[in-house]
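Data block below; observations after.
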Amino acid sequence: MVMVKMVEYDSASPEVKAVFDDIMTTRKTEWINNFWKVLASQPSTLKRIWTNIKEVMAPGKLDPLTKEMLYVAVSVTNNCEYCIHSHTAAAKAKGMSDEMFAELLAVVGLANETNRLANGYQIPVDPQFKPY
Amino acid sequence: MVMVKMVEYDSASPEVKAVFDDIMTTRKTEWINNFWKVLASQPSTLKRIWTNIKEVMAPGKLDPLTKEMLYVAVSVTNNCEYCIHSHTAAAKAKGMSDEMFAELLAVVGLANETNRLANGYQIPVDPQFKPY
Amino acid sequence: MVMVKMVEYDSASPEVKAVFDDIMTTRKTEWINNFWKVLASQPSTLKRIWTNIKEVMAPGKLDPLTKEMLYVAVSVTNNCEYCIHSHTAAAKAKGMSDEMFAELLAVVGLANETNRLANGYQIPVDPQFKPY
Amino acid sequence: MVMVKMVEYDSASPEVKAVFDDIMTTRKTEWINNFWKVLASQPSTLKRIWTNIKEVMAPGKLDPLTKEMLYVAVSVTNNCEYCIHSHTAAAKAKGMSDEMFAELLAVVGLANETNRLANGYQIPVDPQFKPY
Amino acid sequence: MVMVKMVEYDSASPEVKAVFDDIMTTRKTEWINNFWKVLASQPSTLKRIWTNIKEVMAPGKLDPLTKEMLYVAVSVTNNCEYCIHSHTAAAKAKGMSDEMFAELLAVVGLANETNRLANGYQIPVDPQFKPY
Amino acid sequence: MVMVKMVEYDSASPEVKAVFDDIMTTRKTEWINNFWKVLASQPSTLKRIWTNIKEVMAPGKLDPLTKEMLYVAVSVTNNCEYCIHSHTAAAKAKGMSDEMFAELLAVVGLANETNRLANGYQIPVDPQFKPY
């Protein structure tokens, strides 16, 4: 049960429509997914989060597919159902195959296991790992 | 304060030494980090986890650097101090620059934010994201 | 799929009925929400948790609305669907508007982001923050 | 850096002293660990939490050692350094050997791994698991 | 919405069938639950995880029921719906009564509470808890 | 062990100095805490996060003290040591007394407990909580 009313394009304010238009143009798509329709209930949040996403997920030293896979890894670890679906779809659109997804989940699962072994045993950090 | 006595190479049993040797050979290194010295207190766990790591982190459809960065993303989300240090060091050894690390953390941070927005608003999954 | 049978008022034991009556009197309401019907399957837990809630959520140096909003912030961070719904409803009954809810989620989202940046970079605590 | 001043027995109020005395009597010990000295900064919380601990950790259908090990499993999953140390010590005092601790951590690690595989793949619950 | 197609026994490859057969033989059951049908989409993961489960969950210094209850404690803390259902069912099959389950959840709940009090107050570990 | 070199004011680039100046002016303070010195290693992140913080933490329908306390609640739930210290200090500077802090932690602890009871019992959301 969604906590607020979703804002559809046709009944959106000009401010919200401008963000929706930018999302569709940037992503070369013709629909708006629920995440943005919900955020649109608070236009300042809609604009702020979209601005952050555009900046952070843009190609940089990491390519967009790697960034999407990192997003999926976090979403799986936090158990965010919506985010698992939306970012897995985005990663597939950018080239992630089923086998790559399976390997991604294998790493995420194993990392969650060894994270608890390291914390449970309270393992001291080796001085050799000193970053600089 | 580590919870068990760490096992050093010289005083290790042959079973443990065999795993330590395999770690050093596989990784082309001459030292054993604390994670393995601690797990060696329970040789069956040492062997099982090392076997899993070797299989999961081997090159596949994802390259080893991408896998290490996914490992860092999970470790940061879970706040595992040891794992952040050890896997960041491993990722750097495989080619992650400081700028790539900064971009990785930017994605991890943003994913943790939008995960909470999606959960807090209880956003329904769009049918368009149906995986197959 | 709920893990135990919920206990309805009419078929409850006198011990459970007494807690249900106190909940309805304290909250000036005429129904019992599922959380209590489920806890009633173990009457000692029902009584213990209700006693804790009454004590912790009572007006103190923090007003009841602030306390409910803190409850929502934790529930969103942990992704507890039931708790997000029940405590958001409680906060609204105590005066939280849709705009206040949107600001609450914006803070919760951002805090989850900067928590990961702080942990990911392993930032040392400034001595100026020493509490006393 | 602890966030409040710890309350030592000699300078404690009679209300706090009464709880400290009860802790030492119940646990057949002659010292108070830091957890209680910190909670004593807010006597109502000290009393409330101690009352909860006494009730929940008392022998019931589960024996006290099993309860302590469950406490350790949660503390490791949440990465609470203080709780890992204090409840592992308590479990050892109740009979947990080093080998039992190693098995406990192996289960906790593996559970954290398969939790992410189940969430990552969004596996539907089998109807056969319906609880009743 | 499950992320991959589940593999049914009749259409499984010989490699997958061998694991399915071993699961049914080991567990003295005649059906395969969804977890394994999903993992079967990546046979190497299916085999690896089943091997881990068999080794870690086998009787050792901890009995199988205690191990299942530890599994439930972790799954509840992480809010893994599938794992809560499957491991609670497994624990019940091994003798966990409704009252034992209620006590388990009471411990898990309280541990999650005191974990946050310990972290929130940043309580220093007592030197008496030094493990060895 | 911090993962990157912190950037001090005197050796900062003009771009970083401008953000540092804005932080000190906005907060009416004369020092820069480590969080910003670390983020300054990636100026685009420094600027982006500061812009977000300024927008989200500004007075709105919620007052700045309430926002800081929500930040503390999230940081305690996630166990972010740096964030617990920095945001508790900020909340105190805005008027949070020791007693308010104690009540905040009591709510955070209890919420973490009942979150697990709700998830562990898989309690269905009451239709009465439907948000609109």
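All chains are identified by letter, namely A, B, C, D, E and F, in their written order; residue positions are counted from 1 within each chain.
Everything that follows uses one rule, which is that contacts are C-beta pairs under 8 Å (C-beta built on N, C-alpha and C of every residue); 3 or more make two chains touch, one makes a residue touch a chain.
Note that the structure is predicted; figures quoted are calculated from it, not measured.
Taking the definition of touch as given, a chain qualifies here only if it contacts subunit A and subunit F alike; those chains are B, C, D, E. Chains compared, subunit C against subunit E: the Cα-based superposition rotates one onto the other by 120 degrees, nearest 5.
Two chain pairs, A-C and B-C, are compared here, and B-C has more C-beta pairs in contact (counted per touch definition above). Per-chain CA centroids place subunit B at a distance of 21 Å from subunit E. Centres computed as Cα averages put subunit A at a distance of 27 Å from subunit E.
Subunit E and subunit F have centres, each the mean of its CA atoms, that are 34 Å apart. Along subunit C, residues 1-4, 45, 48, 52, 56, 77-81, 84-85, 88, 99, 105-106, 108, 110, 112-115, 117, 119-122, 125, 129, 131 each make contact with two or more other chains. Interface of subunit D with subunit A (complex): residues 72, 76-77, 79, 81, 84-85, 105, 108-110, 112-117, 119-122.
Those residues of subunit E that touch subunit C in the complex are listed here as 79, 84-85, 88, 98-99, 101-102, 105-106. Taken in their complex, subunit C has these residues touching subunit D: 1-5, 44, 48, 52, 55-56, 125, 129-132.
Subunit C makes touch with subunit E in their complex at residues 1, 3-4, 41-42, 45, 48, 78-80. Subunit E contributes residues 1-4, 31, 33-35, 38-39, 45, 49, 52-53, 56-57, 60-62, 66-67, 69-71, 73-75, 77-78, 80-83, 85-89, 97, 99-100, 103-104, 106-108, 110-115, 117-126, 128-129, 131 to its touches with subunit D in the complex.
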